[in-house]
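Okay, so subunit A shows up in both of these, paired with subunit B first and subunit C after.
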Partner chain A sequence: MAAKLYATCTALLLLILAMLGFGGGGGFGAGRNRADFAYVNQSGINTLDPAAMTWMQDFRVALNIWEGLTQYDPKVGEAVPAAATMPEASSDGLVYTFTIREDARWSNGDPVLAGDFVRGWRRAIEPGTAGDYAFLLTEHIEGASAYFEWRLSAVEAELADHAQAMDARFAKVGIRAVDDRRLELRLTAPCSYLADLLALPVFLPIHESIERLRVSCSDADRSGKIMLTEQGLVAYDPQWTKPDYREKGYQGLVTNGAYRIEDWQFKRRLRMVVNPYHRDVGRIECDTVDMVVYRNLNAAIMAYEAGDLDFLPDTAVSYTHELVRLGRVGERTDFVNPPVFGTYYYIFNCSAATYNDRVNPFTDARVRKAFALAIDRKLLVEQVLGRGDPPTHCLIPKGSIPGYTSPEGLNYAPDEARRLLADAGYPGGVGLPVIDLLYNTGFDHGKVCDVLGNMWARELGVVVSLRGKEVKTFAEDRKNGNFMIARAGWYGDYADPTTFLDVFAGDSGNNGGGYTSDAYDALLGRARVTADVRARFRILAEAEAMLVREDLPLIPLHQYTQLLAISPRVRGIVANDRLRFSFSQVHRPSASKDSQ
Partner chain B sequence: MTNARKHRAWSRFRRNRSAVVGCAFLVIALVVAVLVTPFTLSWSNVQNLRDGVRMSPTLHNVTPESSFDDALEGSVAQKLPTSIARLLRASAGVMGYDDLGRSVLFRVMFGWLVSLAIGCGAAMISVVLGVGWGVVAAMSGGRVDAMMMRVVDMLYGLPYILFVILLKVVMEDPLTQFFGGRATLADIVILFIAIGSVSWLTMARMVRGQVLSQMGQPFVEAARATGAAPLRIALRHIVPNLVGPIVVYATLIIPQAILQESFLSFLGIGVQPPTPSLGRLASDGVEAINSFVGFWWLIVFPSGVLVLTLLAMNFVGDGLRDALDPKSEAAQLI
Partner chain C sequence: MIERVLRRAGWGVATLAGVYVVTFVMVIVVPGNPFASGDRTMPPEVVRAMEARYHMDNTWLYFWEYLGGAVRLDFGPSFQYRDWTCTQIIGEALPVSVALGLLAILIAVMVGVPIGVLSAVRRNSWFDGATLAMVLLGISLPTFVTGSFLLILFALSLQILPIGGWGSLSHLPLPAITLSLPFMAYIVRLTRVSMLDALGGDFVRTALAKGLPRRRVVWDHALRVAFLPVLSYIGPAAAQAMTGSFVVEKVFNVPGLGQHFVDSALNLDRGLILGTVLIYAAILIVFNLLVDVVYVLADPRSRSVAL
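So, the complex of A and B:
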């Protein structure tokens, strides 16, 4: 009997193990396949097209496999020269000439040329290939905006004539390859944070082999091929970012960074190997890097504990606060929790008169202000979140931009909140409709929303209704203004206040609340043409004060922190407020292949 | 059913110990939960952020009495004896406190009722729809019967979760508007419509089979011979004879619906926070299972209550089936 029981148990155990093995195959870093360095990502890569990408995890991969003119160095904390040497600038600060390093190489050995940058940047402002970040070029580079507008008009134009005119028109844009190695950049206005800008993926070079995959259409009249789609757009076979795509002589994705992609298993794993032609190849210790996808971060943390992963750039689980505490008391020195360049806030729908047949009271700034004044951030951040996120009353993280001082925002003042609400015609919350709070499910968002709702109900006497949605429908609802109050957050991209303030500009695509203020837009416009950095920062601080003291299209809650888990087996991952990580800097003190 | 048969069925049910225990548990729990609902309705959402966050089970209540009193303002609970309020307040901490310093006991009590309401609502819908559909199909016979049963087959083929999600998406906004923006009510109604509308299929098949076998019985033929209309035959002669199987099946649908509600809430498409339900409580607590900290009370109590409830209902269902089964009647007569 006992023997039979034992046999059954063993068989069951084996079955479970076999199932686990099948379920996790390939996705896990353990075993003979383990990379020198493995980190985790909750979702897969969305796109590897530098012109189109907007997600942090895509940035992270792109900036390790490509190399821009400059590169954000986590160790230094700012952008440093990368594929080019320090540029020569004209005296008026408008024209920059970069010289590409002689030893800059693509992963197939080709030299990196100035033309490759022109190709990349041109893609970034071509209506067919441009993405959300195109505004960085159209705003800062001379003629880029005009070119973009002209190309948009292509739909009505004769395609063949239009295609011929394209190069001539592009010549007026302030991007020019002087010769193979020299690149000239003409700006619309002096830009003190140019180096930081150029380190973003939208400014990466693109290898010429992509042209093989350009989509063309034929012109019946002239029996010629036009390298445009029938809508007059520039388009490429979307498979061009795949490392093993062989079509029309394309040899797979070629990149110029420290790594190249070797294998990309959709939503499972992305393997990077060192680029043998890169100038730093001798100094790079991790030859292979894996980005492993774990949907469930709780499982990722367990895999990290088991030694299957070396680095978790994201550890948003319900017990994150406990991990933070362990890191803080020194029990787990591998958990670090740096404040990052981002702010967590809630936005109001400032424009829609009604929402779901209910009057939207938040078109009145007094009501918005009352709701903002009724929030006790300290309680929220310290007791509920407990991750050490600094509470904030303004939009731009304090002290994150050298030379810029954020204005003081509105503190917790429930009495004043009630007074303002009464002034607006809703004494004690009477007359207000049920207030809808929209958030995306997952992590602590629901908790925060619940706490805010409770505070508003208690302090202002309003009735709230929480609406948690899956992130994609949530984003859609928020973008379309289908909400009353919604959760939001913003991470800055470059060291300038406008990276945050532009979100609330009248014409911004990210301004979901529909806040428009001529005075605010005028301030941003004035800052754009002000060359003196200090005067410019003063104007921008005035604009920020308008947001967080007067108009309140948002309620800032706290600056983000991000808990990173960095295995003691590796060194060189430096916690930084931009969450950019250079895998080429990683080294392994016990490099004697201990994992084998 | 004659009185004597009722009596015999009841005595059989009484002899089934697990069924009686289950029944007692459910009745007592229901009485207690309903009795305290005026309090738990508002108290399940009283947060204590200052010193209650994730506090482990304790015999002392840490939430200030004033917060509880404020939450009751204008509620019927103020008219109830203060001794209940005092007893409840004192025991607020026995199941610990959650992430926002809310009493897990109150949340479990109210959540249990929400889950049960959804379960019973769904069972009711499924009884009405299933019995109606089955009886009509069986009595019409021929083409109508075939068509109606093919509809059932088709609905069987639909992936059920997808169907529920679809229903929810379509009905959510109109219903929320109907309830004046109170999404919670809309959620609960949608859930029991959604679950009810997918769980009547088996009921319809079973009822149709039973009706068909009854149709050949002499008493139906006698009724028909006296010129009774089909509706009268159905309501007076056939359905009363099906009460046994229907009751049994309905008691088994309730736990199934509760489980489905838990599953849907677990996926995040059930009731919206802060309204608790057993599934949502368990889903909120599930990350308590990790290798760093154990907030075990966040997962153990809601899931424990869920398990107990489901067990009790299944026992009662089993007991009823045995008690009402004509075959066991026959066995006893022999």
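So, the complex of A and C:
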């Protein structure tokens, strides 16, 4: 009996191992060789479609496998010309003509054409392929907004006319390939930060082979012209981002950056190899780059310590503050904690007259101001968080935009806070309803909420009830104004104050607190038509002062920092506030392949 | 026999259908919008169009469409990971979880059964006491503790096995052993108890009286009977090891199905939630069915009893 049992078990064991060995186990046996450079990513890639992507980890891969007209250079700290030479603007600052570099190549050897950029940008404003960043095009490029609106109506209405008129309508958008190498761009207003803007993924070119994977409704196949789905969307087979996808003659993803994707295993590993046709190929030291997914950052840190990983772009663990300390005292110089281009803040529900059948006190700016004045940020940042996040009283991270100076915000002033609260009709907090504080669970958000609640209870005598929710329902609640005070945060996208200030514009979809101010919107409008950069920055500083000194739709708390671990074995990963990293700049002084 | 198996299989299909309906209802009523991503908001027209494309505006249509697809193992697009279909995601992860779970159960049986037999034979000896203590530890220590301990010992201190990941044979031992420990502990206990029972049986006395060597009586005659409860435990245990390895997968960075089971719920990724739940349910049902069949083959007594 025992012998039989063992024979059966051993046979099964061998069977499993054999299955794994012969590739039955989902890529078992592949990827044993370590890449020249390996970095970690906690949650996997959400999408590699540049038009749709929102997440930093997706940006990071996209900006290494594609190349825009410009590209953010971490070493220089700003955007530099990439696939095109930097153009001169027309005298009114509205028209730019870019010339694509003659040696710009796709990873299959095709030359990069002006039309590839038009294709990429058009996808970015097509409902169906457009994503969260479409607003960058609709806001800045002439006619893009009109086209987008017109196309949105297609989603709801008659499709036949639409399909016929699409190209004609698109011709009115200020993006045009003059010829194969020249790309003309017409703006809605002068834009001093254009180079920085164009370095974002939404402005990347797309290779023409994607057109093979266009999805259309059955009518389209007959006429050959209509390109819409039944819902009026322009859509592509979502598999187009795969390097090994071969349908309808598609040859896999073609990109024009320093790298191309060789292999992509879902939430496991993404391997990039150098693009042999890229003009810098001779200077690139890391021929292979692995993005390895570790859901558990503790395991990632162990793998980093063991030399399996060279770079951790995000090290948010429960003992981050301890790692920060080790980095600060010089015990572990490989841990660096740069402040980044983002601010952590709380927003008030400024619009709802009532909340839970009680009067919402936060429609009154004096109450908001009182709550803001009662916060001791130094205590919060140093005693509670301890990660070295710089406390802030304004929305835009200080010194992050060259030439722009943020106004002084409101400091901790509990006496002034109590006086304002009394002025508003709530002396000592009497008469205020229970304050509903909404946050998303995870990280240190609950801790921060606890501390803020205590500060308000102590200084203002109010009763605070904390409501922690899982992130999706939190987002839904915040969007629907189902809160009194809610956690929020914002990362800027390009080097201009509007990347933060636009959030609080009356027509902004991201303005969760429902703050509206004609005066504020007027300032933003004035800035939009002001060509002189310094005058424009003065107007924008005035707008920011309105937010953080007078109206207080938000309480800025601290600037974000991000702990990076950069192995001493590699050079060329430069900590920067945008968290953009060019793997083509990495070099390994010791070419030996480590302990592997 | 065949008729019984078919009847059980029919019940399995009915159970699966029930699981589908319940999960579907829960997925629909749960609050939150699956298309909400990050801090920014999409134009409402596009949200409506996306809902139309995924048939989210018509719950009945979605119900039948998804069911029709699921029967053909096509679980539709993932709402969260637009570049992938749920079938691709599950297809990459399922073999990993199945292999890991089966390995763990095999280890648990191959180690647990002999230990259980020995501790029954040497009842109340130091060996029995030590075994009972270990079993208690094995059952009560969560796998993230034992896993981390093994990781620190073998990967960080001794550096003889990799930290984690999946892709070569050296990645297998630590997660498989960690996952096997609670099952092993249970099997030891189960074997010990039923072995004690069997050793007191008349047939054992008879065999010994007839002069058979004690070794043969224990390992052949007694174990044949004593193994039956273990056998009926193996089915659900194997299913549980394959489907419940989430924590072990996380500790050892194993790209199994467990992470998608949890993440899809957090992401409100409807297609993936339904897909993983259906696959898990199917595994449970199939393994229970398998054990029933094997049980009948192994134990002649049960052949006369209706399944």
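What we mean here is this: the second predicted complex is superposed on the first by the 540 of 596 C-alpha atoms of A that agree within 3 Å, B and C clash if a C-alpha of one lies under 4 Å from a C-alpha of the other, contacts with A are read in each partner's own complex, and residues count from 1 in each chain.
Keep this in mind: contacts are C-beta pairs under 8 Å (C-beta built on N, C-alpha and C of every residue); 3 or more make two chains touch, one makes a residue touch a chain.
Small disclaimer: the values here were computed from a predicted structure and weren't measured.
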Which of subunit B and subunit C A:436 touches, first, second, both or neither: first
Which superposed partner A:490 touches (first subunit B, second subunit C, both, neither): second
Touched partner set for A:54, first subunit B, second subunit C, both or neither: second
Partner chain in contact with A:506 - subunit B first, subunit C second, else both or neither: neither
Which superposed partner A:308 touches (first subunit B, second subunit C, both, neither): second
Touched subunit A residues, subunit B compared with subunit C: C
Touched partner set for A:470, first subunit B, second subunit C, both or neither: both
First, second, both or neither for A:323, with subunit B first and subunit C second: first
Subunit A positions touched by subunit B in one structure and by subunit C in the second: 302, 305, 470
Of subunit C, residues touching subunit A in the complex: 31-34, 36-43, 45-46, 48-49, 52-53, 77, 80-84, 88-89, 91-96, 99, 102-103, 106, 109-110, 113-114, 117, 151, 155-156, 159, 162-169, 219-221, 223-224, 227, 250-253, 255, 259-260, 266-268
Subunit C contact footprint on subunit A (complex, rising order): 1-2, 5-6, 9, 12-13, 16-17, 19-20, 24-32, 44-49, 52, 54-55, 127-128, 130, 132, 152-153, 155-156, 229-233, 235, 238-239, 241-242, 265-268, 292-296, 299-300, 302-303, 305-306, 308, 470-473, 475-476, 479, 488-490, 509-510
Subunit B - residues contacting subunit A, complex: 45, 47, 49-50, 53, 70, 99-101, 173, 176-177, 180-184, 268, 272-274, 284, 287-288, 290-293, 295
Footprint of subunit B on subunit A - complex, ascending: 298, 301-302, 305, 317-319, 322-323, 326, 356-358, 379-380, 383-384, 386, 433-434, 436, 441, 446-447, 449-451, 453-454, 458, 463, 465-468, 470
